[in-house]
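Paired with subunit B in one complex and with subunit C in the other, subunit A is shared by the two complexes that follow.
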Partner chain A sequence: MNMKKGILFYLRIYRKIVVQDIKSKMSYRADFIISMIGMIFTNICGALGFWLIFQRFPSIDGWNYNEMMFLYGFSLISATPAQCLFDNNWNLRIVVYDGSFIKYCFRPINLFFYYMSEVFDVKGLGQFLFGIIAVAYSWNKLSLPFHWYSLPLFIFMALSASLFVIALLNLASATCFWLVHSFFALQLSNTLRDFAKYPITIFGLTIRNLLTFVIPVAFMAFYPSMPFLRETQVQWQTYLTPVFGIFFLYISYKVWMKGALAYDGTGN
Partner chain B sequence: MASPIIQLKNVTKEFKVLNRHEGLAGSIKDLFSQDYKIIRAVDNVSMDIMPGEIVGYLGPNGAGKSTTIKMMTGILKPSEGTIMCNGVVPYDKRTQNAQNIGVVFGQRSQLWWALPAIESFNILRDIYQIEEKKYKDMMNLYGSIVDMDALMHKPVRQMSLGQRTLCDILASFLHDPAVVFLDEPTIGLDVAMKSKIRELIKMLNKERNTTIILTTHDMGDVDALCQRIVIIDKGKMLFDDGIDKLTETFGAYRTLSLSLLSKKEKADEARMNELVQKVTDVLGSNISDKNAFTVSSRDDQIEILLDEKKTNVMKVLNYIQDESRIYDMHLNEISTESVIKKIYEGGLS
Partner chain C sequence: MSIKKYSSMIRAGILDALQFRLALIVTTVGNLLYLLLIYHLWKAVFASADSPVVNGMTFSDTMIYLVFASSLMNFMEMWVVWFMGRSIQSGEIACDLLRPISYRSWRFFDGIGENIVKFVTTFLPTAIVVFIVSKGAIKLGSNLLFFVFSAGLSLVINFYINFMVGTICMYTDTIWGINIMKVVIVELFSGATVPIAFFPDSIKQIVLLLPFQTIVNTPLQLLLHPEFSLMERFTMLAPQITWFVILFFVSDWFFNISLRRITVNGG
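On to the complex of A and B.
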């Protein structure tokens, strides 16, 4: 028997679990439809808020409505993997406190993978769709150039940016391994993520540095969007987005696992 | 002789617990406090468990049972001593160890909540990399023991507690592990389901020669399944031997039940207490060793737990008959439950 557990092993298990999960979610039809409607409304409201602001101000610090729309769309797209694949982070706090997290500790597979594989959030796909529409719309309105490399670059940048969203979510949820009242961390991470929608040049230097180096929210949309929005103003951070993303994700994984492996089933 | 499948050598587990202070000022103090106390949850426990054994691991709540189990499954690392489980140090090689063990926690299902059991089994087959043939053999074996069709196609969340436990136990044996840990498998189940579960555990143990570590508070489980029991209290091991040795080790106890009231008399609580007191006094004035007997009441009966090494039944009957009329009497062997209860209460050691 081949005991080596490579990526194919995990992919096969993941596919199996996710297919089953989606099947069972569809069986709660009302729940499924209502959450879909909720997701659509959330995004419409978000877009509406944007539109209202720009009814009053034609631009913010040199950034016009369509450019902002692009960033907004980009942030939705880069948040999709976290939303779809790592959504179980939101339940972590609960299973850790009531002790049921221990059931994940007895399987001969990676704990982080096993836990995350349990939930696939279909709603994320709706969010993704909104993001695509917003980006396509603003791309068109801004008459941005579309080169042969634009699409692959966009995918690459969006994926790199998504690493930051995942990492931030992992870190925020992992706080529950050490703290009793850890929900604030998840809320805080969500609030901070809202900053991703804005070009960080509109903030003061302190906040700008904070959002770049401490809580790297600026990497979730702003830096990786620059090659498309303002080709001439690309900063060094843009090039480092994939590297930082991998690094940040790695750190978040290590922290998460450290907490999970120290978990002894008695809560805190 | 075969070598043990699980071996604990002088295992001790200590926890550092913060001494908490009361009130708001206390909580603030706790934030910076270095005032820890050490709690010894498991204290120098050693045991060898042989392949194919069913070991009942008993002890009152908080005795250190689950701490020991968590160390054997690799969740916790002992502070001192070593554990070997199937040739692996569980807390160093947690994932490797997990391949060789199965775990069932009483009321917490480890199956995917929303999926039919058969789908969970399918995923487990991949996770444990169970070969096609082995998987089929196991499913055939299961089919010969329980009605799989009724069980397998229902989502776990729609199952009764009994069905869920059944599925959880089946799932834990699926990859044919060397050791299965069962934590209170029959808790909360009705009598029929309990016996069904016990039957299943017994069959699986026999068919696959799986070693089973069973923690329970239900002596019915112990009587039905275990040849050997280990009793732990306050972290210390009190007993580790065959279940038949239990009564031998802890004295030749027998229970004498007496009816001291005629049918007409009402056996209310006050009257029974009075009788208990009376019998205690009578025996007390005749038997010098106060540990030889314990008097209590159950319904309208007076129950006397006797240590036959220290006194005998006929003498006791004589003493009582001098003072009171005996309408009826029964003599019973002490149940496992009573012995364990006595051990927990510290009456025996």
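On to the complex of A and C.
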């Protein structure tokens, strides 16, 4: 694949493709509005689950309601780039199965880029909005300090965390290049992502290590939000988030491309 | 009316679901991961409680309830909304309506084979493991009979709810948003994520009036409380049977009036 074309070239193309996608989505206005409502509704019900638990119990292993809401909000924010920009992953198994994936192989631009650029999922912004509200609310309730560097650091940490969500989604969807019935891999990745909403201190050491080194779900919210939530308890993993995130994303990209290039174009 | 046409549809569904054994394994792994998560979550939650018994439930009661709840939900998982939504969008529904069987029955018997497979492959093993691990915490007797009856009703009620939500797709031409709202409502208000016993009293009273709790809460109460008298059991079943009857008529009625609205372009 041609990677020599500059990043500006890709940005320009991306804008063009995405504008088309948004235009076509806007023509189905009801779908757009209902999807957005559905997304926010799902997030509210997720928060309601926590709220219900805290009606009867004072804390979860020393984590109070507001801290849990912070983690929940953070996990929604860090899931936004994957939701908005890489959502076409969910359709991959369908186009691979029916053979229409072949059209992406004939363009003189990066295959992965072209495929992902085709869809911009607007409802991810609803999730983002709810995440911001949840974090701002709990930040305020917990009266966490707000330094001059807090906002840039938060953005940096959220972006680093988002790399893990994207990578996991890429890996799960790439299974369709090898398996016929790969929807379940995507469902599994969603189950794994559920782990991100909770402080990993509730798990035993083995699971903690698994969630850190093998399936790095703990980097999607827990480690990167520690500098804000519990400044004094920051562990070394927090500093590793961006580096490890880039590494994990790179692996997922390689796996995805390997599958795509091995694709024989006949469908299954 | 012959039984044969239904049994052949169910059989086809079973064979279809058995075809994808790897999917079954991956789903099982996913379910086990979910159980691992809720085990640690609720352990941490109970660690912070003042007493080991909260609202009449201990940690192990809660776990047994939640394990059963999640495997009930798994076994009852349906794709009716997606199927109906897609066939409405593509216009295929026009042909399906011509079948010599009512659309609702067709959807039900066509999908139930997969539920039967999932009952055998996920619910039964889970139930057996729970019985062994909990070392007879659940006494078996007539409560099993009530549970099976109630779980059967749950499956049908769940289907009617899905069928009605699928019918909504005729008005909205959208699936994802409608379906996801159904999923979260059913999960939350059925007591599958947080046992209804822990709901604040005012909310609990409302939730107990809704049909969703009859999907998970009713069969589980009947199974996990062998000490209930016959009277108590029928009091538990009454709302479920009532909702079954209501939804039986309402889902049919709603579908029929909605059919008048449908426009199929090109078919």
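Criterion: the second predicted complex is superposed on the first by the 263 of 268 C-alpha atoms of A that agree within 3 Å, B and C clash if a C-alpha of one lies under 4 Å from a C-alpha of the other, contacts with A are read in each partner's own complex, and residues count from 1 in each chain.
Convention: a contact is a pair of C-beta atoms (placed from the backbone, for glycine too) under 8 Å apart; a residue touches a chain by one contact, two chains touch by 3 or more.
Since the structure is predicted, the reported quantities are computational estimates derived from the model, not experimental observations.
By the touch criterion defined above, A:55 lies against subunit C but remains apart from subunit B after alignment on the C-alpha atoms of chain A.
Look at A:231: by the touch rule set out above, it reaches neither subunit B nor subunit C.
Of the two partner chains, subunit B is the only one touched by A:16; subunit C is not. In the overlay built on the shared chain, the residue A:181 is in contact with subunit C alone; subunit B does not reach it.
Contact comparison for subunit A: of subunit B and subunit C, C touches the greater number of residues.
If you check the complex, the residues on subunit A that touch subunit B are 1-3, 9, 12-13, 16-17, 20-21, 24-25, 27, 99-100, 102-103, 105-110, 118, 261, 263-265.
The residues of subunit A lying in touch with subunit C in their complex are 28, 30-31, 34-39, 41-42, 45-46, 48-49, 52-53, 55-62, 123, 179-181, 183-185, 187-188, 191-192, 194-195, 198, 202-204, 207. Chain contact summary for the complex, subunit B toward subunit A: residues 66, 70, 73, 75-76, 94-96, 98-99, 101, 103, 105, 108-110, 112, 114-115, 119, 122-123, 126-129, 131, 155.
Interface residues of subunit C, counted against subunit A in their complex, comprise 20, 22-23, 26-27, 29-30, 33-34, 36-37, 40-41, 43-49, 54-55, 172-174, 176-181, 183-185, 187-188, 193-194, 198-200, 203.
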